[in-house]
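Heads up, the next two complexes both have subunit A, just with different partners, subunit B and then subunit C.
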Partner chain A sequence: MTTDTTTASLAVREAASGTARRRITRNDVMMYAAILVFGIVAPIIFPNYTYQIAVLWLMVLFAQTWDLVGGQMGYNSLGNIFFFGAGMYICTVTQIGLFTDVGAYTSSSDGGQFEFSTEQYYIGVAVGLVLAAIGASVLAVMLGWIVFGLRGPYFAIGTLGIALGAGELVGAWEWVGGGGGIPIPVYPGSGDGKAFFYYALCFGTAVATFAFLKWLYSTRFGLAINAIRDDEEKAEAMGIHTLRHKTVAWAISAFFLGIAGGLFGNMTGFIEPLEVAFPVITFGIFMVAMALLGGKGTMWGPVLGAVLFHIIKETTWTYFLGWQWVALGVIIILNIMFFQQGIVGWMQEKWPDLFGIEVDRSLVADTADDRARGRGV
Partner chain B sequence: MSNLIEVRGVTKTFGGVVANRDISIDVAPGQITGLIGPNGSGKTTLFNSIVGYHPIDEGSIKFKGKEISKLRVQQIARLGMVRTFQQTRIYGKLSGINNMLISVPHRNASFGDMFRPYGHEHRERAEHLLEFVGLYQKRKLPSGDLSFGQQKLLEFAMALMNEPEILLLDEPTAGINPTLINGLIDRLKRANSEFGITLFVIEHNMRVIMNLAHEIYCLAHGELLASGPPEKIQNDQRVIDAYLGAH
Partner chain C sequence: MVISNRFVLAAVAAVAAIAAPSIAFAAPCGTITLGSAISFTGKYSTNGIHAKNGYDIAVKRVNEMGGVKIGGKCYNLAVKYYDDESTPARTAQLLERLIKQDGIKYMLGPYSSATTKAAAPVIEKYKIPMVEAEGASRSLFNKGYKYLFCVISTSEQYLASSIALAAEIAKKMGKKPGDVKVAMAFENDPFSLDVRAGVIDDIKKHGLKIVIDDKLPRDLSDMSATLTKVRALKPDLLLISGHSKGAATAGRQIAEMKIDTPMIALTHCEAAKIVKKYGGAVNGFLCPTQWAETLSYKGKYFGTAAEYDKLFKATYDGYKNVPYQAAQASAAVLVWKEGFEAAGSLDTEKVRDALAATKMQTFYGNIKFSKAGNNIAKPMVLRQIQDGKFNVVAPAKWASHKVVYPRMAK
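Take a look at the complex of A and B:
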């Protein structure tokens, strides 16, 4: 191995440690400002795409919350979409249940026999989103006690089973509409008004998720879940409360996914278990693919991966209808075969300086030298 | 003063194989105790039993007078008993300094402590200990790219960062450049004398263990063969036979 490539791989792993301390530079401020400005003006400049961009922010949230558990902690969950669906149903049931009988509402054929007043609508959404977040977190804690006994592929399959099972169970549960679904209370205003309202909530939630995770990764928690990723047995031997960290990480992931579910249900206007609430093979797989594409275990990777993936997805859906799944499949295969470290991971190898990664090249060369000669210490 | 670790009549089998049979061992506080024996004699199994890695079939293990044979690895670690691994284990993608920081003791860690940043005193202590093992210069490198010997030193420093009462070291000198073994012995002795940490050491290198330990236990075929101070063990015919393969 040449010194150059060694340096590159070193740099990446230094960055992957997450807590490499760096000051906020002017570039950072510019980038944050650019994203915030885009987020605010986008629905004004592109009013026809407000819904698509709102979904984009949810995709960013999906990738980030998956990366918390899959990238930073090394537990590859295939069932995170469960919390999205759980949040969606909790939010909807709350919105309805606060003001009328849920069973009667869901069993009426058109679902529209009850009219929500403007005030009732907003109270319902506010309380529903809060309960969705809390409820999804509580479910994560309860399930965590069971599935965190599983490692590696068994964890992936176990969580996948939860998401698939949930869709079937809710489909058989008449009180929440069963497989027929539930029509969501109607937004008291114009279609544009609704689009802007939910756009603002989606954007705000995605930004809050990013800010929260950025803070979280700067605390001891960030290092602890990285340690679990690198060697869980060692972490146990050093006395780290591994189950506590794993459970909390999943609950945080579920908290934001629960809100996302509540928002998406309201944006869609109608929810049902298999396609909207627990879409394992679309959103459920997308969140993994987006994090891998951007670079798992990095702060910006999931964000970039989600944006690119969403743009490619929407473009192929619009212009190459019929080939969209092939296109996504090709991207995933190229990603897995040729740059597993993802785009941001690759950029960190290429330009470590841009990421504030300091690697003393002489020391790196020194270590490489030691190893080449097979020296100890 | 009572013993820090008291192992009484411990038996551990894997299927039909008896890895440890009726072992009794005492580790005195403040001392360096050695554990030797030929390959496959059950040393690491005994270590694993003590730190709670697997349940024991029979017997009792006490740490500071408290029965620990039913506790789990993390609980025992938080009591102040830390072990290092024969196949050195560190967090490969984290830098040296982060490996040190994550090793702060979790003895009294409350739920809220998870979300606090590391304090200045933690960083200073981490850097001090990295200097103690001679890795300060390489503290920012991903530890997975250090040489095997350096990783061993890092693992040792991480164990010290955990402020244990007792440190169980599984072959600390294996794989280390012979010319640097003396430096390591010196550091182990200083950890014992300056930091007041009791050491319980598995070691293959006879020169090292004779130089280091106050008291030595020798295992063979899963049974306790002999025990006593280094001079006695060195001249014990049974120990010599075990090592030379005589039966």
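Take a look at the complex of A and C:
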């Protein structure tokens, strides 16, 4: 993908005063309130859709964490799903391993039943999620050290390889059940109770992710990773320790994805490496597609992209059975061909005032020129 | 973002409005809707569609025969389907949808052990009974699930009789069991891993020697690496399990690479339609089956196994052999029908108890569930492809033909 449109819209934003990022307007407050109210009220008004809305929050989280590295830092990772799967396995193995032998629990032939008490279940989930987050971050630091030597498409393919390789490796690891997977400990309460419990955790995690990233982008760190995206050599020349920034950004992304993995594993009730934990061609691609649809490198783009994408996906899955993938393909193609800057990126260019962006008109004329020239060549 | 939230609300409301009226239409009989999330796309789609055809033909038959009678009232059966895309990641979501949004209280299984393993915790959670016909892994039946019932034999039995057969032939030919070399290639999923576990137990029991133990790649589209090793090591027995897609790949590449192993056993031959596709090249393959139209089973809905076979071929185009995946799916619907009538109620707990006490004879064989929920009243049989026909060769009680050894490709 060419970067001309992104840099153009960026030029507009860079032209804006730095404070625009930090200032919270009345519009913002109303928006936050509306989302929080929706998040809290939704499972009460639509109790039957709790599971789908919980997945929606995870989708929002996927798009945001992808955008941190792909959008804000300009490193298009195709392997972020690795941290999702790693978190899922770390969480599950912790939930089981705290109380019984994992190898025996996952064995497909003899195995047997192990009843988790209510207390054991909640302790397992709590410890599991914490370890999932930390474990995924540690893996990100270790892998980042290796793959951040790569740039552009090489980085994309390198990370894709990590995710694909992880699925195969876990699939061959008998202690965690290999390709046979692991049935997750059963929630001790009622079905609806479980739905609400995980809904609350998904919503909470997505909100925490958003708040954290919002804060992060307002700091020097946010500016530094933007600088890396725009020109890594220059950023380095300015004294930014680029490798450290890149690794930390990826670790933050992994931290939240690890939690998401732990949650999704518990919601699904059964995990296995290829389709559930490391689903490169579904969630792994969705997170990129959602961020691009909404507008990468923006605060609200990934959120909007994820919401639209999820609604379209769930609707086509229900009412256009057999055509769902065609519909998703069409959206991605239209997006890439006509809306490279995504919905929010396009809105920012069209109505910069709405986003608190002050535009230096002379600069805009220049970038428009640049763009025309860029396209002409 | 405010607008987009309204959009969410509106979209969700619209979804609810469309979903609601799908069940209600006036008829002299009421309707009982069963639910199933099954594979219409993805790597299990071939068998997903066989299973759906099996469900549909049985639903049609039950309705033609007057439907389900509960306390003097009659009900027609119907099935609500979703596509799980052959991935267990979708199964839990779709079952939640069937249960919570569509109000389904009686479930039919998905296709494959992996998706069934994802389905089981959901139905347990909501206490919704499920009769499944396509998930055979033993790991489904050691978790203490109470609402899961399975009409088929578990997967460790699939290829076990071929090991016994190989040992027997070796003995007749004066070979030591330790000289019988076995090559294996299995898909890395709950079903095939359990088939492998069963095979390994039997190989140990008979003292055979494993020379190749490979995993098939995840999309099941190429096994030439394994077959190259087979050409070099010349095993006496080649075992393959990878659902229909794996069977189709195996049939094609064994023919292309002219593999001349004297004994080849392969799961899902019928479902992959390998005779139709590869003709003489697959002559002599051994195929384990849950059911065969030549067996002497008989029940009150479809008559004999042969009559089911005839009816199925007349109803659906393109079947040279009726795959057992379809037959067992039909059997699952029959179990539901008798379960409802035995319970005399639509209450899920009463129906569950009635299902647990099922004891019936059908065209598919006898059905009786163990405490764990698997069917213990029906054997697996082994068939060999002989001149394009599937003939039962083991176990001895059901065998109609002698096994041909070594196999000859034509």
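Please note the rule applied: the second predicted complex is superposed on the first by the 332 of 377 C-alpha atoms of A that agree within 3 Å, B and C clash if a C-alpha of one lies under 4 Å from a C-alpha of the other, contacts with A are read in each partner's own complex, and residues count from 1 in each chain.
One rule holds in what follows: contacts are C-beta pairs under 8 Å (C-beta built on N, C-alpha and C of every residue); 3 or more make two chains touch, one makes a residue touch a chain.
Everything quoted here is computed from the prediction, not taken from an experiment.
S.K.: Thinking of the overlay built on chain A, is A:M347 touched by subunit B (first), by subunit C (second), by both, or by neither?
M.R.: It touches nothing on subunit B or subunit C.
S.K.: Quick one: name whichever of subunit B and subunit C touches more residues of subunit A.
M.R.: Between subunit B and subunit C, C touches the greater number of residues in subunit A.
S.K.: Scan A:H241 for contacts with subunit B and subunit C and give back first, second, both or neither.
M.R.: In the superposed model, A:H241 contacts subunit B only, not subunit C.
S.K.: Tell me which partner A:T268 touches in the superposition: subunit B (first), subunit C (second), both or neither.
M.R.: After superposition on chain A, A:T268 lies in contact with subunit C alone.
S.K.: Is A:A166 in contact with subunit B, with subunit C, with both, or with neither (first, second, both, neither)?
M.R.: Touch partners of A:A166: none, neither subunit B nor subunit C.
S.K.: Should A:A254 be classified as contacting the first partner (subunit B), the second (subunit C), both, or neither?
M.R.: Neither partner.
S.K.: In the superposed arrangement, which partner chain does A:A86 touch: subunit B (first), subunit C (second), both, or neither?
M.R.: Once the two structures are laid over each other on A, A:A86 reaches no partner at all.
S.K.: Have a look at where A:V288 lands relative to subunit B and subunit C in the superposition and call it first, second, both or neither.
M.R.: Once the two structures are laid over each other on A, A:V288 reaches no partner at all.
S.K.: For subunit A, which residues lie in the overlap of the subunit B contacts and the subunit C contacts?
M.R.: Shared contact residues on subunit A: none.
S.K.: Over in the complex, which subunit C residues touch subunit A? Could you list them?
M.R.: Touching subunit A: residues 1-2, 4-5, 7-9, 11-12, 15-16, 18-19, 40-41, 81-83, 86-89, 91-93, 96-97, 99-101, 114, 117-118, 120-122, 124-127, 137-139, 142-144, 156, 187-190, 192-194, 197-198, 201, 215, 218 of subunit C.
S.K.: In the complex formed with subunit B, which residues of subunit A make contact?
M.R.: Where subunit A meets subunit B, its residues are 6, 9-10, 13-14, 16-17, 19-20, 216, 218-221, 223-224, 226-227, 229-231, 233-242, 244-245, 248, 358-360, 363-364, 367, 370-371, 375-377.
S.K.: State the interface residues of subunit B toward subunit A in the complex, per the touch definition above.
M.R.: For this pair, the touching residues of subunit B are 51, 73-74, 77-78, 82-83, 85, 89-95, 98, 101-103, 105-107, 109, 111, 113-118, 134, 137-138, 140-142, 144-150, 153, 158, 162, 175-177, 180.
S.K.: Quick one: in the complex, what on subunit A touches subunit C?
M.R.: 30-31, 34-35, 38, 46-52, 55, 108-113, 115, 167-168, 171-172, 178-181, 183-184, 186-187, 190-191, 194-195, 267-270, 272, 274-276, 279, 282, 300, 303-304, 307-308, 311, 314-315, 317-319, 321-322, 324-325
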